[in-house]
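Order of writing sets the labels: A, B, C, D and E. Residues in every chain begin at 1.
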Amino acid sequence: MHLALFLIFAAVALAGAANLLLQKHPINAALSLIVVMSSLAVLYLLLGAEFLAIAQIIVYAGAIMVLFTFVIMLLNEGVEEKTHGSRVAKLLGFPAVTVFLALIASIILSSETHLGKVIIGESITTTQDLSAVLFRDLLLPFEITSVLILIAILGAVALARKDEQ
Amino acid sequence: MDTQIISLILLAPLVGAILVALVPDRGKLPAWVALATTVVTFLFTLHLPAHFHYGQAGFQFESDCLWLPSPAIHYHVGVDGLSLWLIVLAGLLGPIGVLASWNSIRDRRKTFYSLFLIQQTAMIGVFVALDLMLYYGFWELSLIPMAILIAMYGRTQSDPGGPKAALRFFLFTFIPSAPLLVALLWLYAKTHTFDFTTLQQAIASGTIPAGPLCWLSLAFLFAFAVKVPVFPLHGWLTDVFAEAPVAMAMVVAGKLGLYSLIRFHVGLFPVQARAAAPWLLVLAVIGILYGALLALVQKDFWRLLAYGTLSSLSFCVLGIYGFTLSGLDGSVYQTLNEGIIGAALFVLFGLIYERFGTSQISVYGGLASKTPALAATFTIASLALIGLPMLNGFVGEFLVLSSTFAGASRTLAVIATAGVILSAAYMLQLIQRVFLGPISDIASNLEDHDRDFDLDFRERLVLWPLAVLMLVMGLAPALWLRAIEPAVQPASLPAQVHAARPTPPVSAQLVVSGGQQ
Amino acid sequence: MIPSSWYLILSAVLFTMGVAGFLIKRSLITVFMSIELMLNAVNLSFVTFAHDWHAVKGQIFVFFVMMVAAAEAAVGLAIIIAIFRTRQTLNVDQIDLMKF
Amino acid sequence: MSIWLFLLLSLVKAVLVTIVFLMGVAYTVLLERKLVGRIQNRWGPNRVGPFGLLQPLVDGAKSFLKEDMIPSGVYKPLYLLAPLISLGCALLSIAVVPFGGPMTWHGMRIFAISDINFGLLFLLGVTSVGVYGIALAGWSSNNKYSLLGSMRSSAQMVSYELALGLSLVGVVLRTGSLRLSDIVSMQTVHGIASWNIFGGGQFFAFFIYLIAAFAETNRSPFDLVEAESELTGGYNTEYSSMKFAMFFMAEYGNMITVGCVATMLFLGGWSSPLGDLIPPPQNIIIQALVPLFWFVAKVFCFLFLYIWVRGTLPRFRYDQLMSFGWKYLLPLAMLNIVGTSLWLAIRP
Amino acid sequence: MNPVPDLYRILPEVVLTITGVLVMLLDAAMPKTSRRRVLGWVAAFGTVAALYASLLQLNLPAGTAYYGTVQTDGFSIFFHVLICAIVLVALLVSLDTFPRNNQHTGEFYALITFGAVGMVLMTSAVELLLVFIALEISSITTYILAGYRKTSGKGVEAAIKYFLLGSFATGFLLYGIALIFGATGTTQITEIALRIPGAQSQALVLGGLALMLVGILFKVSAAPFHVWTPDVYEGSPTPVVALMSTAPKAAAFALLIRVLWGAFPTLHSVWVPILWVVAVLSMTVGNIAALRQENVKRMLAYSSIAHAGYLLAAFAGAGTASITAIAFYTAAYAAMNVGIFAAITLASGYDDSLPLIQDFRGLLHRAPVLAGLLLFFLISLVGIPFTGGFFAKFLSFSTAVNGGAFWLAIIGLLNSGLAAGYYLRFAVTIAQPPVANPPELPTYRVGIAVAVGIVLAAGATLILGIAPGHILDAATSAAHSFPAAISSTLP
């Protein structure tokens, strides 16, 4: 069952990512990204991270991607154009990317013996577990994040707002 | 007083520079301040020969205090016979430079004089620094005012003239100092000191393997040779001579590079310097001939002067790398001569240029009848350059040539002598074409003006002391040589032999021989 | 029961696809989405490692990455809107006022 | 218990709940028409069946049977997908709602499809995804009114989602759990006195939730998304027949869900207002049905409120809506969190 | 157990945050029509207070706070003071040159102040999570500030390029952190160092190190991760460039030291060669590209890439000497770069009215004091003795030579010879006599703020060159915050 779930959702995630690369229209790309994110949420569940799974949906799918679609709709961005630059990027980029993937994969595979196994339901992290660490050991990062959010708000206002003459 | 005098000499122009920057830019006020500063500085420098213990090797007026503990950099300055007269010369050129720029610098006087004064500090600093890092600091610092002033006051009006010359000058002299710095850093890594004497001993005691030493000496040599310049590294010289303000051009050539060669290349790496000597001798001789020949065919007197300078500086190099006592004496003496004669010629060319607005030799002619004093002074300086006996140029050239003949190589000495003859040719030809010969349009035009085109008071004040100095130095070289000789003596000995092998002092012989001719 | 490395490989592949997207996509928005894909892939790695080590910190890291991603999205999209206002295009190849 | 039995039972529960839920939706529509009619001093539907009770069925049949038109300018994949997302999200959220007492059979709760640890978060998650339905519908319709409507909706829903989520934090703080059944059991003991809205001190939170929920479901007075007078129906202008009906069902489904959430979080869920004062009945059937009754009754009250508001209040202006959400509601929600946590901290 | 209240350990950050919030509140409270210049003063005073708070931390014993997420030691204080000083100068310069009619003045100053929070926190964080957040605060602030000329095509273009490439690099950094976490099970820097020798999978450690390096090297704009730099510098408002070419970079270098010496001292032999290559690449690429630039800010951008290379050369050194050199170089680089951009701001204005090198022709004749300052900073950038630039380069290369990277020093010095070419071209253009119809200079009233700012920068550059003793001592004590560095210095 675990295997089946993993395979299904990994496949969905990969398909979504591939679709993101192949789709010409940004809104389709955005939707495929949502698919990737949602299937990742399921994978998180399999890994025992229930809070994250839901946070993934709420934050990524529910907030960030909504913002993306909103902007796509606002700007009415059309189909991507094929340009010279993209061909160059493909020619140069693919070998580099392949090499990169090969490197990372070999790192992971070489350390496979040291890594554990995932057993479903074996170690479930509850929200309490999370908050025990978050609000004690990692209190400072948590508080500092508020500055980050504040900056983002300020920046969004300063950049996106139309100035009156 | 004796320990602080050098610091005073260094500080005086710097303070002057700040003063110049602060005074209001009204009329000639900055010039006056600068003049006062340079005169004061010159007076300070005179303290040195007055209280110098002649005949004594080693550094005097030393002052040494820690600047930074790690890396250990000291403010360590001192004077020996080698640098003594160079410092005085630098002090002397200060007021002369200011006076020479009196009328020719018309705008941005403040900038000009501050930079000029900073340049003076840097130059004197090079001569007195005994900590290699401090030395390097002054060495680099001396580039900046020069480059900026060349760019600001480029003489030719062709558009990129000044800036181009400034860039050339800077890059030619800055890039070689990169290996020099690496060499210094490497030395420091090995010995943990930048102190000149400590390093000298460390190298002499053989703590550093020969392979790296060879590279180090090459790095030093390269940096200094460009600055002298030694033949094929002279690319910047002509441009700078053609573009730089007179006051700056007369301080730039020769002195710094030659001093550094003797002090740091020969002084720190005697063995390696001897190994490189044959090459340098050949280059020097090529430089003498090449410079003289090119000077002969120049149409522009700045360029003529540049090639002439190349030729006569090569004499100094020839003397240094013969490694005879008299040759080294001669080189140092010739360096001083070059400073004085060069300054005089620069001022002269400068004021001719200022009066007539061109440096094309062909448009001049027959000036002597209109400007007799100018012509006379010019002739004296030219003869000094050529090496006429009784003038200072003779002493230096004679010492160098005779020592080369006796010590290094007869062939080279003979070829170099040909260079002397050529120098006579180009200088005399110049005098003939500018001051004598048919009266040119320029000379004939002079009568239309009421102005007196001969030397005015200020110019006489500059030139005549120089002329007198040429004469005195030609007649009584021992006055100078007695300080120089003990300082260069160690360099003349083979590096392995440290036991002093007494040689009869050259100065004693020379008084006789000089007097006879 | 499956090995953790499967999850990690999936994460690596997704990350690489994100990198590829960053390189080949031609619209600013989709380029930005590729970056989001990369971040998601990293998150998967974090969660897997957190599971491996039974360390909650890994999960919290993901939580923070999400917050940062949200902040970045706000700012990034604001910039994109600003660029659209001045240039009327989002094509990467036409955003080329400055070159070398 | 074998996994197959688990799957089978879950499926049965899901099907049953879905059917009941959809029926509920249909009758909520009727309820609204009736009530609004009464408020406006008219009768509302009363022709089909007794008191018009069969009206929803006929409406449904009509929607099924009408010609399914797809305008030529639309972006088809998303145009078709959008109503599915809307309805799907609406149906999904009911999955975690415990609508009856904590009775179990073979270790499984009977009156909840699934009672998960993070039920409340799940609800929020589903709600947040629900935006896509409307947003994509408007955009893919290729119609300016639709687009405007959907832009409004995404901005509005994202904005109010914040206040909505924050208003629930107080309750979570008090309970210390995100599991919906835990939240409800927390409020069962002393009846109305232990309900979060009163005993829990979440009175303000309830009102913030109420307002945010109205906006979240695009209901009057925040129904700018479909504001007929401005946008001729907004995002669903280009939709007809079954697809239109799906949006319609989604909207009313969301209303019910919101009512369920309010009930669970603030109004004591399935517990009776009198709490444990009345001893539980002996009969197992009655014991099961009484909580169900309370739950449905409370949801009904909430729906009534919904409709009442719609019948009485005028629509907001768009800028008023936004500034109200950001400038008043959000700070209030935050204040509520601060207050609640202070109270919890000081309380012995 | 811990005698120092935790709050003291983050006092500068707290002060800056409060200042930022205060600026925002004042901005909201002020009437719409009133001038908002006073907000800049508030921010500046806040920064001074933060600087003072950092100095107060000198009295604390070195140690961590907030459960080992943040550490105050000589190192963090050095960079705190440095960054606060940079931010102060940048603020002072902006005060007089920021356009009066800009509608986002309050946000501008608040953003700078908040950005400073992230930057200072980057230098004291010892928990990768906090590092990440701080890094993002600093980056996002700079993305926004880069796009502040939002009506100019170049301005927003700079912002989007910076943003996309920066986020891309963040992805790599994160992946690196993830792998390190996977290898060691922790994200606390000192813990990582303890656990790495016993880590079961060294491959993961190495992969993580490499990916993290990519991320951080991007932030310091070292080649080959430098492509964003010239465009961003060209497009951003000049006072902002003064800030972002120095402060975030200083913080990023501090982070690099913190990560490499704090978490990976045992892998010294691995990262030194990598940084060797990157250093050589950076200087060479930077200098060669700078030689052919016509735009002043682009030229300085490439020059800053080259400087990153010189700085990275110091990593080849051994132990504390290396860290000392890096810290000192960072300070000197910051002083001269913030100074030169301040001077350029004054000469060419917030909106770049003199974008090209040629436009500066004759400045020495037209505005001698300003041009003199410009020349001074250029001289320092060249690395002429008696300026901070020289001394920094000297330290960097001497530590490299000491560490055995002899060729690196030679390449570096040859490069600085090459670099002299373009600096001098600019300097010479400034010194050249002016053309007949020179372009209009923007008319900024040189107020007290900008004067103080530029004099601070020039004074720092000079002092770093003439009497670097105290700062060198501070840098040395900063270096002694790393036990691993100390033990590797000892024979």
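The rule we apply is simple: a residue touches a chain if its C-beta (ideal position, glycine included) is under 8 Å from a C-beta of that chain, and two chains touch if they have at least 3 such contacts.
Fair warning: this is a prediction, and the values are worked out from it, not measured in the lab.
Taking the definition of touch as given, a chain qualifies here only if it contacts subunit A and subunit C alike; those chains are E.
Fewest steps needed to get from subunit B to subunit C, stepping only to touching chains, is 2. Put simply, the chain closest to the centre of the protein, by Cα centroids, is E. Taking the mean of C-alpha positions as each chain's centre, the chain lying farthest from the centre of subunit D is B. Across the assembly, the mean Cα position most removed from that of subunit C is the one of B.
Mean C-alpha position of subunit A lies 70 Å from that of subunit B. Subunit D and subunit E have CA centres that are 52 Å apart.
Rounded to whole angstrom units, the spacing between the C-alpha centres of subunit B and subunit E is 43. In whole angstrom, the spacing between the mean C-alpha positions of subunit A and subunit E is 30.
For subunit C, the set of residues touching two or more other chains reads 8, 15, 18-19, 32, 48, 50, 52, 57, 60, 64, 68, 71-72, 75, 79-80, 82, 85. Looking at subunit A, one finds that residues 51, 55, 63, 67, 74, 104, 108, 111, 115, 137-138, 141, 145, 148, 151-152, 155, 157-159 touch two or more other chains. Applying the touch criterion to all chain pairs gives A-C, A-D, A-E, B-E, C-E. Of all residues in subunit A, those touching subunit E in their complex are 103-104, 106-108, 110-111, 114-115, 136-141, 144-145, 147-148, 150-152, 154-155, 157-159, 161, 163-164. The part of subunit A that touches subunit D in the complex is made up of residues 1, 27-28, 31, 34, 50-51, 54-55, 57-58, 61-63, 66-67, 69-70, 73-74, 126-128.
Residues of subunit A that touch subunit C in their complex: 2-3, 6, 10, 13-14, 17-18, 20-21, 26, 29-30, 33, 36-37, 40, 43-44, 47-49, 51-52, 55-56, 59-60, 63-64, 67-68, 71-72, 74-75, 77, 80-86, 89-90, 92-94, 97, 100-101, 104-105, 108-109, 111-112, 115-120, 123, 125, 129-130, 132-134, 137-138, 141, 145, 148-149, 151-153, 155-160, 162.
Those residues of subunit E lying in contact with subunit C across their complex are 129, 132-133, 136, 140, 143-144, 147, 150-154, 156-161, 163-164, 167-168, 170-171, 174-175, 177-179, 181-182, 185-187, 230-231, 234-235, 289, 298.
Taken in their complex, subunit D has these residues touching subunit A: 3, 77-78, 116-118, 121-122, 124-129, 131-132, 135-136, 138-139, 147, 150-151, 154-155, 158, 161, 176, 178.
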